[in-house]
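As written, the chain order gives the labels A, B and C, with residue 1 at the start of each chain.
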């Protein structure tokens, strides 16, 4: 399982041959994330994806530029958006000769897109790329019922009047009711929150610990905005200038008043509330990736190197592991392959699907028994102190437009390590500054990656 | 925004009605378009007897620009411009002949015609009669401009002693006043202080190869400045506060520039502007301080917050950015600073003590900053807009807005691009001899004469 | 329906006429196929060859008729207390691709060419039903309750395979609320012109409630989990939740042919003593099997015990998890509100 693939990088993350040049993060852009039904309610995925690409183009002066590839995805996608990314590129200020394709890996779409494009750059197949993601839960696709769809398809194939009548006759009034998407695991029928409630109970994560993490997310995100950290990472959209979900004035007292929403039927006390869970969100993000040469030729800055990535999946459907626990398995493999420990990272960015998702992962890595029996490690993987974890806030405060979260994390992480590296200049300039990124996703998936200051 | 009145009195039945009622009939102004002739008809060069040599030199230059230059008016001529050369006059008596000759042409000027005087600045060192003659041009020109109709304007170029009519900025200013770029500049006298500056290789792209920063570029006048500088060949970094980022990105993408979300009051704003410009484009040559805010309140009701915010954005930020640019040692390639002042900063405006102080401060600032840049072939100047049709002025109540519009000699408000054209001229290589001056773009508004 | 033709072992086709046999049609191929030697219990039973697999709808109509006769016979004290000594046989069955796909979509199976074990049950079920509606079958079909089911999938059955089905009844026993019986159904896959291989064996345990044919002291005391009186049952950690729509009974009836009125609508269910329609037991068990997924392997034993009905519409909380003791999977479905178990079972690969 932990065997290195043949093109695995050496631990330093530096290129070892001409075929393994570096893939770097030039910068990113995202829209402020909005709550479902909020200011972006009328905006489509294509609207938002185009806007976020245009913001990126404006930030880096890429008008009319042919980018090697733009890859992007949306988790909730209309059928007419079969070529969502290409259509968005055509509507953007990029050259219409810029190729594009769609990607989808549930909530890990954004990070997986970065990883895939970075690999193409490392292989020399691309010199530049934009990895993006977008999602709207406000303009989610509404499907027709299976019966109506089948009847309509039959009708479209029918030739004779009799066949047509027969097809129409098969439609029942209840078939006409639209079917909205539900955020449930198709295999289990449980919502993500219900799944996480099981894992939360299993690891004994307390309400107080979850609320404390949620509060830190809001406090840190607000502080980062106030400090101008997002001035070159966010472009306003539809009058929204900051993440709509952000509550700068949140407090443990306020979070404590919220009634639990998930796990209320479990025998253990319910601890998960709307305050320590991520809301349904609308938004988009994009990351500009390049080879060192392309960035230099375009006089663009280089923030970080995409060092390596690892994906894992868990068998959540048969009760073995929690739905959102896959990153717990991916990270030790990623660290082993790169000869690193958790202590080798200046920053850790863990997507806050729920506060307890992060806390369960931390608990698992600190658990001797679990790490021995399930991760095959000699003992506990280690712990992550909170002053390195999600230092500018994360999804609990910002919101989580599924496919857009990976881009948000990567751009934020790249800027964090670049700033830290700049601070070290003169004192400890040679010390590598790394960030570990972890995203859990529906279907028991987890994608993790390492970035290092360039 | 749309000036409905202007449209009504210039078309159809309502045009006829306005004529019969004797209502003010503002003319649609002719604005710059690529490829249009510099002047809409023959140019008549008139001169005081003493100024014949300069008039000849000017005429030669105008011919070089491909204009149809005449030295005498004939019956039936419709002139696109009259250039009145008064550079050598030593006594007010010398004005009569050329001025009266000018007057004889005013009935037969083309629409959007230009009257431009060329004279010299009166100083305390002049003989009293010389100073009287030179300064007389001031009142002459301003009054003449108020007589002009049909979108015609009158402006003057005032040369400092030692600056010839062939100095780059003398020619640059003359050409600016003759062209449609100065459509809403009226009744103004612009002083050329030195012979610095260079004439552009391509008059249509005088800013080619220059890197410019425009603050407050997301909308209105700032967006127009960014677009106009880009049209004239500059590479533009469009700056605005992060909250205006969406509109800013659109502007940047339209002009193939770069958007920088930055609050100009940030302590390191100047350094960050410079860093981006140097890294991305290799230099920073032009800074347009356009970002500004209004917090109107009668002084009797003024709050510390409203006062401080206006001063911080409108003048303190400019001072800090300029200082950072000057000490960096990187702002040395014939640099240009163009700051947005306001007619409120010249004539004052009720309820705008804070704004007036900041904008008047801008005028003082450029006067003192320009000499610091001359060693590098640089300069700093200000543009003072009058009533400009923007989202901001659209919020003025209807009656006040109408009065403000009709109060100018051109009987209408200006467009953001009119301000942008003046900025672009002052940012150009040919404006290097204009040192610390203020150019008003107000249609010769009554406010402040 | 078409009436079955009956023959005794070794006798010529149509030698005997079973009850209800009118213009009987004989599947000629049947006489070439010997009774399976591996099944000594079948020795001596009379073989009834169905010319074609009967439609379940007709069987139910007929079941109602025989049930009425049972009622009369029971009142007259003339009810039989032995099982008919017959084996019902159908030859040459094939699954239809559209039928298979519809089944797979409804149950959440992937639409492969391998017939899910529950689908084989659907194909073979009418043969067993045909046996149960015989006038000499001692229990009435109407209102019969499915107590448990056990399927041994010995090798995969694929679309295109030619199937032979044999069904017989056994183990008539007293139950505390009536009489229970096991229906054993075997499915063989033709492996050549003359050979075949046993691929699937299903054993369904049914209870005729209130029909007490045997002495009550012989009643099996075994109780299903979650029943009142047993040790308090503690819900395990759920792994899934099924939100069953009100029409799931009708939809499963469409793919299974099992149009027992208790599954179809509240109205028809009330007529048989249920407050609302109830889900087919085999629907819930087959869905659990589907959710075990590929880990069940090609050959496995799949069991289920039905403890309490699932009223429709309704939500069933489910745990499907690996079971170290069996090396396979255990599954349980329960009502999270009442804490009552609906069903439990296991899927254990045969090694």
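Methods note: contacts are C-beta pairs under 8 Å (C-beta built on N, C-alpha and C of every residue); 3 or more make two chains touch, one makes a residue touch a chain.
For each chain, UniProt lists the protein as follows: A = Acetyl-CoA C-acetyltransferase; B = 3-oxoacyl-ACP reductase; C = MaoC-like domain-containing protein.
From a predicted model like this one, the values you see are computed outputs, not experimental measurements.
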Chain occupying the most central position, where position means C-alpha average: A
Which of A-C and A-B has more C-beta contact pairs: A-B
Farthest chain (mean CA position) relative to chain B (3-oxoacyl-ACP reductase): C
Interchain centroid distance [CA atoms averaged], chain B (3-oxoacyl-ACP reductase)/chain C, Å: 94
Cα-centroid distance, chain A relative to chain B (3-oxoacyl-ACP reductase), in whole angstrom: 51
Length of the line joining the C-alpha centres of chain A and chain C, rounded to whole Å: 47
Per-residue overlap in chain A, given as positions that touch at least 2 other chains: none
Residue ranges of chain C in contact with chain A within the complex: 108, 234-235, 237-243, 291-293, 295, 317-322, 329, 336-337
Of all residues in chain A, those that touch chain C in their complex: 185, 187-190, 194, 198, 201-202, 265, 267, 316-320
Residues of chain B (3-oxoacyl-ACP reductase) touching chain A in the complex: 238, 242-246, 248-250, 252-253, 256-263, 266, 279-282
Residues of chain A defined as touching chain B (3-oxoacyl-ACP reductase) within the complex: 51, 54-55, 57-61, 63-64, 93, 228, 230-232, 234-238, 241, 299-301
